[in-house]
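Quick one: the structure is below, questions incoming.
Going by the order they are written in, the chains are A, B, C and D; count residues from 1 in each one.
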Amino acid sequence: MSRIGVFVCHCGLNIAKTVRVSEVVEFAANLPEVVIAEEYRFVCSTPGQELIAGDIKKYNLDRIIVAACSPLMHEKTFRKVAEAAGLNQYLVTIVNIREQCSWVTEDEDVATKKAKALINGAVYRARLLAPLVSRFIDVNPEVVVVGGGIAGIQTALEIAAVGRKVYLVERTPTIGGHMAQFDKTFPTLDCSACILTPKMDAVLQNPNIELLTYCEVAEVKGFVGNFDVKIRQKARYVDHAKCNACLACVEKCPGKGESEFDEGLAKRKAIYIPFPQAVPQKPVIDRETCTYFIKGKCRLCEKICEQKAIDYEQADSYIEIKAGAIVAATGYDLMDVKPLAQYGYGRYPAVYHALEIERLFNSAGPTAGKVVMRDGREPQSIAILHCIGSRDKNNYEYCSRVCCMYSLKFAHLLKEKTHGDVYQLYIDMRAGGKGYEEFYSRLLEEDVKFIRGKAATVTHRTKNPEEEGKLIVEVDDTLTGKFARIPVDMVVLAPAMKPRADAKDMARMLNLSTDKYGFFMEKHPKLAPLSTMTDGVFIAGACQSPKDIPDTVSQATGAAAEALTIVSKAKMELEAATAMVNAAACSGCRNCVTVCPYSAPSMNEEKGVSEINEALCKGCGLCAAACPTSAIITRHFTNEQVMAEMEGLMEF
Amino acid sequence: MTAFKDIEERLKEKAKDLLEKGEVECVFAYGRGYDERHPRPYVAKTKEDAENLVFNEYCTFNLARYAVKEPRKKIAVAAKGADSRALVQLIQEGKLKRENLVILGIPAAGMVDAKSGLTLDEKTTGAFANPVVYDVLLGDKLPEAKNSPYEVLGELEGLSGDGRWEFWRKEFARCLRCFACRKACPMCYCDPCFMDQSRPRWADKSPTLDGNTMYHLTRFYHLAGRCVDCGECTRACPVDIPLYLFHKRLAKDCEEMFNQAAGMKLEDKPVLVDFRVEDGDEILL
Amino acid sequence: MSSVITPYLEMSQAIAEAGGEAFKKCYQCGTCSGTCPWTPISEFSIRKLVRLSQLGLEGIEDLMWSCSTCKFCVDRCPRGVEIIDLVTSVRNVYAGGGLLPQTLRTLVGSLSSRGNPWSGDQEKRNDWAQGKYPLYAEGMEYLFFPCCTGCYDQRNVSVSRATAELLTRAGLSWGLAGAEVNCCGESVKKVGDYELFDRLKGNNAGIFSGLKARKIITASPHCHFTFKNEYGGAYEVIHITELLAELIKEGRLTPKKDASGLKVTYHDPCYLGRHGGIYAAPREIIAALPGVELCEMDRIREGSICCGGGGGGLWVERMKGERLSDFRIEEAMETGASVITTACPYCIAMIDDSIRTANAEDRIKLKDVTEILIDYLEE
Amino acid sequence: MDFEPKILGIACNWCTYTGADLAGTTRLKYPQNIRVVRVMCSSRINPSFIFRAFQLGADGVLVGGCHPGDCHYGTGNMYARRRLAITKKMLEFAGIEPGRFRVEWISASEGNRFAEVVGEFTGQVKGLGPQTKLKIKTD
């Protein structure tokens, strides 16, 4: 037998105007196991709360029912009152007689009757409630950041700044990401390297950051506060512990490969660092282009290395890390524009994509900063084509957000470097951002020709002698309504930013959802843009959607704060109203394992029954309804509790 | 069509061969009962046992019912059309492993329910003549039934709601709660069954109309999208409740709504632990 | 046009209701008009047509007859606007108002009274066959449907004969559609006369189902498109080039005559290529000629340029310098080819006309793929 | 006296229950035959709850959840949709008027929709009269 106290609130006249409170109280007082029923003008007020606390002690109540406003309003308030009075908070039941009773009818009889039914249901349910104890688990204090572009670098630095250990995992041989490839950044035109390399160096110097380059995440297990992350260290064939970064090996190496960093516009050695300011400064050997690996002979690097750091026998190895939180900052890929044959990329050498032109601008790039085309000429006229693959149903429907601005930047740099004619072919000029519209305005004054129309075709088919030797960009200049043929020396495409080719694999490992393109889904587009559906995993930068550097850095800083809210606690409170399996009743059908979006249930193959990891459980009850044997108990919403409430409600 | 006698011979041969080579620990098939009309499930563990195997038109049992109890052993199972679907469904549910099973497929038409004398076909149960998955086929493939297995529902579907309730009320009222249906069903592997639970108690322990209704409706639901239409429940029922009609109707609903029939493909997921975003709300109307 | 505009949304609504609804998605980027082959050579702007429909503005009637429904813009449109549907619905709305140009009136009139666009006598539909080929009867494998143009247009009649001859030599079981069939209706649908289209379709569909046709071979990609996408019958629709390529692969037709030194180019018909997705089959047929050299033009396959004959264009008079086929033969000649091949009666008619008006007969010959195949079939 | 049906509502905490609250906050009026049980997610609803509700004397049962795609738990309502669709078919085949059972996706911002649905559904159930088929006979 339980001892239930019922407290009915007038809420001033909000309830009392339509519900005959005294009649309801009298009704409640006569329900079985109800020891005391009281009414009060404002139960949520301090005296109201004191009334409840007093009655709990006075009548030795072990359940309380508050009939007042919606539980979404004051459930927390009354739970606190109960806890303070020594009653477990889960033994509080709120009956909603305001939002779902007194406010939605004017008929006193009807409202009073419904209030009674609702209280009756609550009494039925309350008898079956059980105290629940919040449990705490230890939290691993470390954070894994996946991706060493500007987003990952920023996140790692912020977390390290408060003294927490960070593992920064980068799959290429250096951190820096796409930003390291850029020459200038819009709209301020600061030199990208000048603002990025100090940060890269800071990563290297920071004792709280363990830099794991040439590494990939192989497996993620566990849950918020307790992740087990397995990292694959790809074989570098160079022992970085021994290497002193003299780079004599690079100089001597006869092997040649296409420089990924220079977008294939230059060669690199088989043993290489991607670019001079790479972090770390120590090289790796690319098996595919190494003479020794191809022909079995050479070993020049080994001969030259005084440190004896070359190790051709090196194999992939694995590093296991325990982490409290994970930040995914895996960035983007540029869309492959070759399939869009109308723009001639790959067919005409004078057609470049955005990252290629970035490298041409860069003084450390393949042309030492001169805009020189593949045939050695300096272009005297250039067309920049916006929205290649973006805002396009046939490719990517979204706006890639950064292309308008970097196209303006290209126009500026091209003007500056070539003094040639520059055309911008755009659909809509999107310059929303601090200083962006001003930058657009500046470019208009720089005598760049803006043509409102999406380029239709890039062709070599000339129509008159002036067009000879040029590429012709065909476009409807929509503002005049005239068809334009623009003869140019060079064409620059602004392709869509798209998710990494393997974003889906990463999403699977981290249990993230992706949108229809493959970008990682945030938990809420407005109110939780850095969180994901998996607690403890956060996202930053272009892996969530196309983004420019300022937005990426802001997100990265935010994601660091999010990760810190988890790892700054030694212990973490777990949801108490979770599900559990009554092993004796489990028939091992696996329904729960199949349906749970949080992977909380798993099969104990030995015992043939399922088990629920309560740290992962969110208490939705999906599994309980899928369980044919009623073996799953959803605490606070058990089958008996729900059905008892139904029974109580249907009595009146 | 291969004669039952020939199938029996091939069954014996194959069973002997498998047992002799040690490829399986035992063979689930049929043995002689007290007369020809009443064969019984039989487990051959040695090649000598294999001599005792029989097959005739009365071998209606769905042996998946027994196979499901041996998830870890390497076993061979004789499986007619619906039986093979049950095995597939059990594999989908992780209850059996394909690699542990040697499925001895039996194309069979003209099976007869010894009790009622009715032929098993699309008008009753077990419409599938050919096994859907097998390792060995012990007879020639048969043409599949031309008519829909759901045509038989027409009469009941033609009744008014009140008429249908009257029909089921009378049927449920006769239920003795002997649980033969669930014991015979290969998909009813739950131990314990929800009906054996005390928390919550879903129905009265004694057979009352209300409790029987709850039991049968819930069991029908648990089998929705899983029932392979073998008809074992109905043949097992001592008071001849036509349970298969309700199962068939839910199978039809699942095919219409989710485009999937139970136990047809190894890679399917049972429909009620699966979803598609494009399921659409019209299914709720 | 007045320089002040007032949106006339009722008209916009009427166009939407006639099936052009997709114009709502357009953001006026100009991809369509930049891609459209008419833009550089005429005043026509498909983008402007979309814009005028969005606001229901006048002026649209001056633009609407130019489009040859070649689908180039539709394939490129980043918004997924079904521009051809829009064009036909604009035509439907305005033609309903009596704005059909004179030349198209002849087309519509002939289709309405005689069931073909060439004012030919219905009973003479199969005269080209000179009684050499059987009519289709139940049990035969293929029903051959030569386009009306292949029945009545002199240049195209020879294509029909070549086709019939190839089918016979391959030993197929086939028969001709009887004289009671009529035009597939593709052009008249694109001209916006939905009602007449439905009538033509109804007659043909009735005949096909009466004959229990299982596989229909079409000579014209326009018939191919229409039977496949608009009729919805329970038969397979096969374009002749698909079938011939298959027959060559199977060894049932083998060109043996030496074609060394022969340079051939191939023009992709819009309705075979972009509408039908068939690019490889005709090229495989050409490649089967022993020693032949296929000299491709610059703009081919998905990027091919229309001859101008689609969407009713065959019946629209155009000024010199505004005929796409004129440009197309120039492009063909640039390749160094001595023969331009194609696989559509409309393309044949348009290109034939261009070659003759340009007096280019001695520089380039026009052959249908079937014709060139039969030329080289035997030594 | 007019027949006043008993209607059981089962609403998910995040969308429909909140939407029902909003109906109250905006002082919309709707028939008060409904009594709502709050669960965390529509996927918590076991079809046996629905059978049970009818046995307990409900004349109608209304289930509310988040719109597909908006489930607080990601995909809960997708499973619920399939389960409840089957439940509906079962009731119909057993001969229980399918109009006594309804599933609606009502978001937290759709207070008016909640009131509207409840109004409509109450009227519909009223028209069907008392549910006696599954109701447990106590006498």
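Criterion: a residue touches a chain if its C-beta (ideal position, glycine included) is under 8 Å from a C-beta of that chain, and two chains touch if they have at least 3 such contacts.
Just so you know, these numbers come straight off a predicted model, no measurement behind them.
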| item | value |
| --- | --- |
| Centroid-based (C-alpha) most distant chain relative to chain B | C |
| Chain closest to the assembly centre - both centres taken as Cα means | A |
| Selected interface, A-C versus A-D, where C-beta contact pairs are more numerous | A-D |
| Approximate Å spacing (C-alpha centroids) for the pair chain A, chain D | 36 |
| Centroid distance [mean C-alpha coordinates] between chain C and chain A, Å | 50 |
| Cα-centroid distance, chain B relative to chain C, in whole angstrom | 57 |
| Chain A, residues touching no fewer than two other chains | 595, 626, 639, 643 |
| Residues of chain B engaged with two or more neighbouring chains | 194, 202, 272-274 |
| Chain D: positions in contact with at least two other chains | 47, 52, 75, 79, 83 |
| Chain pairs in mutual contact under the definition given at the outset | A-B, A-C, A-D, B-D |
| Footprint of chain D on chain A - complex, ascending | 70-72, 96, 98-101, 103-107, 110-111, 113-114, 117-118, 121, 513, 533, 577, 595, 597, 618-622, 624-626, 634, 637, 639, 642-643, 645-647, 649-650 |
| Touching residues on chain A, where the partner in the complex is chain B | 585, 587-591, 594-595, 603, 626, 628-630, 638-640, 643 |
| Footprint of chain B on chain D - complex, ascending | 47-48, 51-52, 55, 68-69, 75, 78-79, 81-90, 92-97, 103, 105, 133-134, 136-137 |
| Chain C - residues contacting chain A, complex | 27-35, 39-40, 45, 47-48, 75-80, 298, 302-303 |
| Complex contact set, residues of chain D against chain A | 6, 8, 13, 17-18, 20-25, 27-30, 32, 35-41, 43-47, 49, 52-53, 56-58, 72-76, 79-80, 83, 115 |
